[in-house]
Each structure stands twice: as C-alpha cells, then as structure tokens.
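First chain written, first letter: the chains are A, B, C, D, E and F, and each begins at residue 1.
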Amino acid sequence: MKLTRRYRFSASHRLATPALSEEENRQLYGKCNNPFGHGHDYVLDVTVEGAPDKNGLVVERHALDQVVRSRVLDQLDHRNLNVDVPAMAKVVPTTENLASAIRTSLERDWPLAARLSRVRISETDRNIFELEGSSR
Amino acid sequence: MKLTRRYRFSASHRLATPALSEEENRQLYGKCNNPFGHGHDYVLDVTVEGAPDKNGLVVERHALDQVVRSRVLDQLDHRNLNVDVPAMAKVVPTTENLASAIRTSLERDWPLAARLSRVRISETDRNIFELEGSSR
Amino acid sequence: MKLTRRYRFSASHRLATPALSEEENRQLYGKCNNPFGHGHDYVLDVTVEGAPDKNGLVVERHALDQVVRSRVLDQLDHRNLNVDVPAMAKVVPTTENLASAIRTSLERDWPLAARLSRVRISETDRNIFELEGSSR
Amino acid sequence: MKLTRRYRFSASHRLATPALSEEENRQLYGKCNNPFGHGHDYVLDVTVEGAPDKNGLVVERHALDQVVRSRVLDQLDHRNLNVDVPAMAKVVPTTENLASAIRTSLERDWPLAARLSRVRISETDRNIFELEGSSR
Amino acid sequence: MKLTRRYRFSASHRLATPALSEEENRQLYGKCNNPFGHGHDYVLDVTVEGAPDKNGLVVERHALDQVVRSRVLDQLDHRNLNVDVPAMAKVVPTTENLASAIRTSLERDWPLAARLSRVRISETDRNIFELEGSSR
Amino acid sequence: MKLTRRYRFSASHRLATPALSEEENRQLYGKCNNPFGHGHDYVLDVTVEGAPDKNGLVVERHALDQVVRSRVLDQLDHRNLNVDVPAMAKVVPTTENLASAIRTSLERDWPLAARLSRVRISETDRNIFELEGSSR
C-alpha cells in the first residue's frame, strides 16, 4: 500500500547557467532568466510504501512529517534557491534539479520502515515532476 | 487504457486499538484518538483497465457506478466506521484498513470485463492511499 | 481592504432534533440522521477588513491565527459536535448552527484592530455558509 | 525523471454509433446521446520522461508546448469532435477514442529527446483516462 | 445567513449573431464562433438567504435541489444551447445571457421561504458570472 | 452582472521595512523576512460590472485581457517585487500593498465601458485579498 502525504513551501529562484551567454540564457529560460528572480508555491508529495502494521498504519504520520520537515522544508521554505540552499549550490535551480536534490536528501539514511516510493513536486499546476523514490 | 472514476462519501471514525493502553493510544493516534470521534469527506478513485470496446467504451459508466455504489458507497456513506460497517468490525478504522476493505469488497467476484486496476482513497488532500487493484 | 484567511478542521456530527419523531427526523435530515453519526472536513474562511498599517499589513497573520485557533479550531478539530462542544450543546449541529456558533465565539471581545467582516464555512464543496462578521 | 505538463481545450460531441438502433444508442450512452450534442472542458496532461540535460531541463517547455499545440490543441480546441476533427472521423467520439487519437498524433515522429511517457485526459474531474505514451 | 449550493452541467454552444457579418462575428467571438460549436462543463452556484429555522436549516437541501433540477439542470444538462433550450431561443448563447435566463427561471414563482440571493455560473475557472438573486 | 476573469503570475519578494530594526523585522514578518527572498504563484481575479451589450457580452474578453496584461501582468510576472517594479518602489511588498498598486494601475484612465468592480489577489490559497474596484 502506498501513502502519499502533501507538503508545501514557497521559494524564489533565477534560472541561468554560466555555460551560456546572456543572450543564450534568455533564449533558453525565457522569463525565468529575469535578473532579480521570481518565485513559486511548490507542492511536494512524498509517497511511502509498505504493509500496514498491527495498528493499521503504513507509517506514523508524525515520523514522516519530521523527516520531511527537517530534511526538506526547513531548508527550502521561504528561501532563495540560488543563494540559500547548499544542496542546490552547484546546479541551475530548475525544478528538475530541485526534485533530484530533495530525493537525495530524503533517501540518504532513510530512517523509516516503509520504503520511500516516489517524490513528486509541482512548480505550478502546469508543471509536475516525478522521481521514483530511490536512485539506487 | 485506464479509466478512473471519482466517488465521494462522508463518514466518522475514532482510532484506538485494545492492544494499547489509553496513554499509548493517545500517543500513537493523536487527535484521531479523541473519545467521541470525528469525520472526513473521503474521495474514492476507482480505476479500471482494458481496451475500448466497439462502442468506444472501456466500461459502461452506469455498470461501474452500480458496482461501487452497492458494494462501497451504500455501506460507508454517512456511517460511523467503528460501529456501522461489518467489513471494518475487527480492525482499527485507519484509512489504510479502510482502503483494504474497499478493495476486498470490489475484487470479490468482480463482475466487469475491464479489470480492476487501482483503488485510491483520500482522507484529506494531505493523505492519499493507493492499492493496486487486486491482492491476488 | 479585506483579507480572508483559510483554516480547516475535521469533526463528526449526527442531525436529529428531539422535537420530531424518529420518522420525521429521518425524513428531514436524510442520511445525516444515521444513528452513529458521520463526519466532514470543514473549511473555515475568516475575513477581516481594514486599512493596511504602516508595515503594509491589514492584520498580523499570527495574531489572527491565534484568535481563530484558540476560540474555534481547538474546540472543534477532531471533535464530535454533538457531545464534545459546549457551544453546540443546545442546538442541532447543522452547519448553519455551527456557523452561528463560530461567529459568536469570534465576535465576543474581538481583540484585533481590523474588524471581523465575514465568516464562511464549507461542509463540503457543495454546501457553503456565509455570515456577515457581526450580528450586532 | 518524469515531467507532466497540463493543457486545456473545450470541445463538443455527441455519442452515437450507427451499429445500434436509436433506442440502443440511448440506452448505452444516456444523456450523451442527446441529438444536438453537448460539451466539455477537457484537461490534457502530457508526460515526458528522461534525464535532465546539462541545463537542468528534461525538456524545453516551449518545444513541448509547440508539439502539443500544433498536433492536438489547434485541432481540437473549440471544435465539434463529430464533424471538425479528421482523426475522429471514423469513431464514436468517446473520451477513450479521443485519448487514443491524441496519443497517435503525438507519438508519430515524436521529435523530442525526452520520451513520451503518458497521455492523460479528463472529461470532467469524475472521468480520467490514461494511456502509456507509446502503443508500440 | 447565506447558503450556496453547487451544481454542474455540460452543454455546447456556438456564438454568432445575425446582426453581424461572418467576418465581424469571427472578430468578436473568436474561436467561440467556430461553425460546429464547442462545449463546457458549467458550474452553477445558487445562493439562498434567510434565518435558520427551528431545525437549524436555512433551506431543506432536497427542496432547493428539486427547484434547481427541474427548472435549470433538466433543461440544460447535455444540451446544445443554440437549439435545445427554449429560454435561449432568441439570444446569443453567451454565458452572460445564460446566467440571465437561469435567474429568470429561478425567480419566477420562487417557491421557498429562503430568498434567492445570488446566481453564479462559471464557464471555465477563468470566467465567472454573478447576478444578484432578483432582477425586481 | 459581474464577470470575474482569472489571471496568474509568479513573483518573488522579501518583507522588511527600514522603520524597524533587524530583530523587529524578523518578529513582524517571520520567514517572509529571510534575507534573500522567496516567491509565490499569485492568482489575480479582476471583476467588471455592467449590462450585457446587444451581442450578449459584459465586456469583450480580449479587451479586458489587454488592459490587465499591459498594466499588470507584464510588470509583475517573473519579477522581483522589491527591485523590478516601479509601482512598488516605496512600499513594503506585502500582498496588501501589491493589491493596492494593482487597483491603482487598473483604475487610472480605465478604458472599458464595464466598470471595474473588484480586484482580488491570492498569495496562496490561505491568504486572499479583496479591494472594491475604485478608491474614488
């Protein structure tokens, strides 16, 4: 059985890569390349999978919340992804790279019995990114 | 091709297990252990899978509705999951156990040509449970 | 300027009035009269009105949250409206009566500079109740 | 990594098949068989899958939009599916057949590096159809 | 106290007025002028207003549903607004004119104690039309 | 009759006022005071009011879109409200002040026959701000 729990955070970013010229960056990233950045209300869905235990729970809600809050939300909520977040320091802060960084943070020494099954993040309701829960 | 159809029902429940002390129940289930119960507006998504027939339909909508209504909605809607629902009589009425009971009710002598592919139930929009359509 | 802030709580209830016979209660309230109750995920929108202060705020978010939490959410969330809530003790727990009780709790000694403009509560997304902020 | 992008279009249709009598058509398709048609606001979710490139993108948004717009939206938006759409000319315009036609249009000479992973279309929020991205 | 109840129906239409040339119609109504029509999933919110009665109800849900179903939904659901609906026979079937026709149908000999306060109709979630409940 | 049309834009901001100390700013604005800013997906609902013209329209959609796009969206979408937007240059970029600036931009030399009735902006679905259409 899979349980998906939903979290939210708000952050800002600016898309640009030093490998490209100013003009090429503008072409590639469009308005997301505007110099002073912009922001989004991200929706994060974390899915865990396992059999319900004898108390009828796949996972204790507070235990999962604690993992997601300490590893993800506390690092990202109300932050600037270009300058505030060590895990994003060396990559363009696209939502693709953000999704990868979130999965990496979650799967390292994953502490729960239910396995991490999927990470899904929405930038807006028009752009939704999904990664299977483990890259290994 | 998969077709997912959405249904809704409202029910109440209280989470507690006789295997634990009062204090342990309160620790484990939090506010869901409050003595007189509380309730939710559950959303149930039933997915069937198959090839469209010569009339262009994976399943006749009314046939699927009839199965879901008689086996699930009529048993659960506006009910108390702790005392009103035989299928839940021996388990803690977590949404995990509710999802399992719904799938069991649906898959027994499943009467449609399209196969039952998935049962998904949302307690609130923050907690969504999914089961593949058949436990066999 | 009006600011509406959204809150949520889950509760259970059973609709019945001693003034009517069993049969009349069933006729009037339908499935909501089922003997062991059912429940909902209520959405509560509280609107305050005023001019933004010199810091650009109609109301400090935390101050409003504190009023709503202590007076409303703490009394209602994960409760049974028939037996757990003193403010509902003498009335049928319809959402109409619940909306009135919420407004009464909020407007008594309202402690904020921004005035209470509207209370709106949704039982489901099909039934939404609105009251102007003050009955006086 | 999967990226799902959401599109919308409005169209009308009437469900009827010449293989059935008038009465049988009415039985099978119900109100959808009403003679002068009706309509929907369809939601189309197109999912592509691949590794992010060196610029952090699974797919350039504009390139995907261009494919979906020219092959799907321009053919369907504000159209009558029974008479306006060559790809639907020989089939009953059920949403099952519409989903198949959309996938066929997209997968033929698919021009992007990210692979077409899934096509999902909602007729209303109660009826959602999904097809894996390639029929091959 | 106001109670808003939500209903849905699907219909098709084509926008064109005989007072204008073909070219002018195309200019004015854009894609909505496409010759064979298109359609929408309309959302209708009907608001009534009054004091709760001794049973705690502003209006009996079934009584309101019965009025809306017989006067509005049965006339419009799965219909073509240009040819199927007498109340729309002499006007361009814009959602403005549809909203007016719905209010007219509802307010004539309004049979409930709670007064008709507002009619709101959404063509899509981008276009929402509101009329106070009575034109008198 | 009122017509509300919905628009969206994404922007970033940081809340701080020079009138307060660093510590007071942190107390007052909380996480919104984080030094490098964060962002939101704002939803803007613009309501106009008038009688439908002989073509059945309260307002031509494209004319309204053109006003909102040129005066509001082009200034704000994918921008940093602290440094990119002249209309916000002298105020703390709270959503209250943003709502006022948007209304001011719209109402100055309002060019449409339908009158500007209301401006509503959502920062997230928990915080919604409303202003009557004209401050005069």
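Everything below uses one rule, namely that a residue touches a chain if its C-beta (ideal position, glycine included) is under 8 Å from a C-beta of that chain, and two chains touch if they have at least 3 such contacts.
In this text the structure is predicted, and so the values were computed from the model without any measurement.
Between chain E and chain F, the least number of touching-chain steps is 1.
Ranking every chain by how far its Cα centroid lies from the centroid of chain B, the top place goes to F. Note on chain placement: the centre of chain A and the centre of chain C lie 35 Å apart, centres being C-alpha means. Between the Cα centres of chain B and chain C there is a gap of 28 Å. For chain A, no residue reaches two or more other chains under the stated contact definition. By the definition of touch given earlier, these chain pairs are in contact: A-B, A-D, A-F, B-C, B-D, C-E, C-F, D-E, E-F.
Those residues of chain F whose C-beta lies close enough to touch chain C in the complex are 15, 17, 19-20, 28, 30, 91-94, 96-97, 99-100, 125-131. Chain contact summary for the complex, chain A toward chain F: residues 8, 10-13, 31-32, 34, 36-41, 77-80, 82-84, 124. By the touch criterion stated above, chain A contacts chain B in their complex at residues 1-6, 52, 54-58, 60-62.
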